[in-house]
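Quick notes on the structure that follows.
So that you can tell them apart, the chains are marked A, B, C, D, E, F, G and H in the order they are listed, and the count of residues begins at 1 in each.
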Amino acid sequence: MKKVAIIVGSESDKEQIEKGIDVLKQFNIQYDFKVISAHRSPDALHDYIKSLDEKAYSVIIAGAGMAAALPGCVAAQTLLPVIGIPMAGGALNGVDALYSIVQMPKGIPVGCMAIGSSGAVNAAIYAVRIMSLSDDALREKLEQHRESLKTGK
Amino acid sequence: MKKVAIIVGSESDKEQIEKGIDVLKQFNIQYDFKVISAHRSPDALHDYIKSLDEKAYSVIIAGAGMAAALPGCVAAQTLLPVIGIPMAGGALNGVDALYSIVQMPKGIPVGCMAIGSSGAVNAAIYAVRIMSLSDDALREKLEQHRESLKTGK
Amino acid sequence: MKKVAIIVGSESDKEQIEKGIDVLKQFNIQYDFKVISAHRSPDALHDYIKSLDEKAYSVIIAGAGMAAALPGCVAAQTLLPVIGIPMAGGALNGVDALYSIVQMPKGIPVGCMAIGSSGAVNAAIYAVRIMSLSDDALREKLEQHRESLKTGK
Amino acid sequence: MKKVAIIVGSESDKEQIEKGIDVLKQFNIQYDFKVISAHRSPDALHDYIKSLDEKAYSVIIAGAGMAAALPGCVAAQTLLPVIGIPMAGGALNGVDALYSIVQMPKGIPVGCMAIGSSGAVNAAIYAVRIMSLSDDALREKLEQHRESLKTGK
Amino acid sequence: MKKVAIIVGSESDKEQIEKGIDVLKQFNIQYDFKVISAHRSPDALHDYIKSLDEKAYSVIIAGAGMAAALPGCVAAQTLLPVIGIPMAGGALNGVDALYSIVQMPKGIPVGCMAIGSSGAVNAAIYAVRIMSLSDDALREKLEQHRESLKTGK
Amino acid sequence: MKKVAIIVGSESDKEQIEKGIDVLKQFNIQYDFKVISAHRSPDALHDYIKSLDEKAYSVIIAGAGMAAALPGCVAAQTLLPVIGIPMAGGALNGVDALYSIVQMPKGIPVGCMAIGSSGAVNAAIYAVRIMSLSDDALREKLEQHRESLKTGK
Amino acid sequence: MKKVAIIVGSESDKEQIEKGIDVLKQFNIQYDFKVISAHRSPDALHDYIKSLDEKAYSVIIAGAGMAAALPGCVAAQTLLPVIGIPMAGGALNGVDALYSIVQMPKGIPVGCMAIGSSGAVNAAIYAVRIMSLSDDALREKLEQHRESLKTGK
Amino acid sequence: MKKVAIIVGSESDKEQIEKGIDVLKQFNIQYDFKVISAHRSPDALHDYIKSLDEKAYSVIIAGAGMAAALPGCVAAQTLLPVIGIPMAGGALNGVDALYSIVQMPKGIPVGCMAIGSSGAVNAAIYAVRIMSLSDDALREKLEQHRESLKTGK
């Protein structure tokens, strides 16, 4: 099974991304997790994206706050589908990150999730939806997961 | 090759979605296109989603304006990845649609694109990124497409 | 006397809706209360709405947060007047829910209240205003209630 | 059959309210239409509301732009359900009117519709939903109307 | 010397208005203070405004939160200059009140201050500026007050 | 009778301020009109404010767009009441000017009007309200003006 | 004298940047002008920034619209001061670009100008202010320029 | 080496500016720090700016909250590059300050940083970028600083 790459722009994003990682674990999906800032470490980001064997990964999840360039910069350097998470925090509490991620110009799409930890959870489920297109066993798990949502909170 | 289903909530959304459809045509991707309102025709929407052979489709693109419930309602009734497009228009010019699509609660994700026709174009490219995960020929086309972006406008 | 149906999208909305329920109790109005998510449990929502004997209910109150599709989805499946409450919370604190509820497209109206518990209280009073159109005793109570507002806080 | 009272705050709101009036005509509902500003003619507003025989009316529809006090001021002086329409226009294009109408404090509810002519149409349909609670023939027409929405635009 | 009338819409506004009242005391300006809601007690508001001997008052300060109709309703019923204060609080923290107060339509002006207690302080100073137009002693105190601002916080 | 000083920040604000000037003319109020930018001509602004014989003026009306520092800078250099008008225009269409004018810090108040020409009209009427505090003839005209609002548009 | 590098993200930004270029010409400042998208041509952007002889340039001006990553990406790859211009346009008319440029995280600053052509003009003047720190002749021209602002529009 | 002048509008801004001052210390850059309000102490501000020997300073950093006129007023009175910091706080938490600083009209630029302490840090680094244009040793330190960002948080 292919893996998921997860990148957040700052150590301070770890708490919000964690709930998404829990979902991936729940689905037994392998993942790499990196903290790389698009602004502070652009070369490290470039090198990491270029180092990824695109055949071995299905999606890249990228989360960042404020002027959140990370998801777009990742999408610009890969052909994999990129899922963006606007991190809550700062004076604008994530509206800045939302606009920085969702308003991508023509040509380089990012699939944007909700602000904060809800978005992190959904990024993981969205990754599973994509991966289950070619994995019937995973799709079955996804169906069970959705059933569980109906009854649980 | 799998198909893409495209749904918009209103006849008035056709002009904005058209540029996305052009992109799918450019990649020779088959698609179904429907105008079904989540609010005015909920049963027709339900029936259409349930009628889709999920094995035959890779993604569903859903675009709507104002209180844009369509993408979320589609995502609630399918396990396919759903790409949402907030349509520009009305007094708030798409911010209402953006919030109605991107702020999905935990469990049912929608990958949200930019407001308006930029979002429509990117929805199509995002669909191609997803489909090319299991289609090397398509991936090659995607690579050529990205090259063309570098030089063209 | 007819009843009021109350639906909220999530267990976490219970605290905010409670003050509205208190108002209904104060007016001795019978109500059903359900937690059903439009996104996580669309079929349960559909079944519940369809199960309601519309002759026995006067209004449906629906409250939800974030991409709050619930009130609109309810309004799409009933002919009863629907009162929507945008729940406070999340990174945008209810502006997302407000836009998702108030900006309904032509044809399917929702009467939207203020964000949060003020809206919950007013949803109940609005239900009483509607019910008192055909109930003189209730109208008298409503008049007393309004009098009490003038002097109390 | 009871009547609907319609009030807008300014001559310039007439164009937006007209589509709502068309809907009332379509349902053969009798209505009074007045242009009375809550700010420029508070006494005329007071007198008009007090002159209404509340037994003869089912709802009051009130539309206004900018610092749109009209719907709330009407709701403060009647026990009928009040439907508010934030009129588009001015530098903020109706967001000011939306907040002025929807954010009513506890005790005096207004059922707020979408900004502009969509809101005007829905205000009329919402009035019909309320009136059809005690009028089976009207309810039947409402059902036909909803059916027509499913197929037409 | 003329007096200042101060009205707030709710008991909960008392804390924010207090700092403005302190300023009036500092200038030895007489004032009346009332809590009257434009929405819950429109008649009491009407009666209070009409009861004011306009010759005995120089300005009316009116503060309210959410759909803050109070300042505009006061301005509609008096010819005195009205100073409005949008109270902070609620899900929108005063932006709703700001738009409801500042965006007055042509004909009935309100002089709007900043949101919250800063606005309350400035409302009082603005009242003093108006009153000192015809009171040289007060103007001198105002000058001293401004001098004190330069060195103090 | 005292005069009104009117200052706008740019030649391009003339069209919006004109309707306010018409109101002053209607009331036969004398005024000075200047175009002085707080940012481009701070010394000219300083000199003009200091040159005003404060005994001869009742209020200063100041209108500006974008980062509209003008009204606050005027208020900082005079003890007269200052009426601010956020001019519409630019990419944010006056929200920037509104926040720059209304959110004055404690100590230096500006009475802010609505964005654009509505605000210009109301600034003039507000000036008249202030001036009529000590001018019974003017107050009578103001009363007639308000009466005319009730019937005309 | 050092040069200024100017980069915009799209051909469609040319009209807005032009007025800034006119200012540079007026000051006889040499400049390079490139259209390079951070999202569509990240490698070209990287190569261009790295190719710049930082000793030969004083500042980089970067303008982009929507999810405007360009200025931040440039700032991440150079040690020169970067001036960012949020371009007007799209459904949000530049608020998205503003937040994407101004809300830079700690460590990598961008000096953000106003949205649109006003920002383009000011970017050029800001570059001149920086360059005149070490160029007395340029500073004199800047002083003359500022004088001209005082009288002209 | 030239110095940096730092001005904030209020004692309450000290906490947010402190992190920027720490950065200047880290680079051994000399600075003056003043608390001067553009609104409460316009003459003191004028005198301070005019007293600065512009040959001895490289940049002025100015931070203020709410209707933050300070950075623009400073820029209007100097030819040095001015870096503005919108301070977080108040009911709008810095959006008001952001618009008041970034939306400067043509002719008088301010380089605006992010809201709050992130902006304060970046203002200092931006000052260093400008100063290092003519100081190779400082530039080397800046390079080391940027390297440290790549590994540290």
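The definition used in the following text is that contacts are C-beta pairs under 8 Å (C-beta built on N, C-alpha and C of every residue); 3 or more make two chains touch, one makes a residue touch a chain.
Everything quoted here is computed from the prediction, not taken from an experiment.
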Cα superposition angle of chain A on its copy chain E, in degrees to the nearest 5: 180
Pair in A-G, D-E or E-H that repeats A-C, with over half of contact pairs matching by residue number: E-H
Of E-H and A-G, pair with higher C-beta contact tally: A-G
For chain C paired with chain D, centre-to-centre distance based on mean C-alpha positions, whole Å: 19
Centre-of-Cα separation between chain F and chain D, whole angstrom: 35
Between chain H and chain C, distance of the C-alpha-averaged centres to the nearest whole Å: 50
Chain H: positions in contact with at least two other chains: 10, 37, 40, 66-67, 90, 92, 95, 102-105, 107-108, 114-115, 118, 146, 149
Chains that touch, pairwise: A-B, A-C, A-G, A-H, B-C, B-D, B-G, C-D, C-E, D-E, D-F, E-F, E-H, F-G, F-H, G-H
Residues on chain F engaged by chain H in the complex (per definition of touch): 9-10, 37-40, 42, 46, 65-69, 72-73, 75-77, 90, 92, 95-96, 99-105, 107-108
Parts of chain H lying in touch with chain G, wherever the complex brings them together: 2, 58, 79-81, 83, 98, 102-109, 111-115, 118, 121-123, 125-126, 129-130, 132-134, 139, 142-143, 146, 149
For the chain E and chain H complex, residues of the former touching the latter: 88, 93-95, 114-116, 118, 146, 149-150, 153
Chain G-touching residues of chain F, taken from the complex the two chains share: 10-12, 37, 40-41, 44, 66-67, 90-92
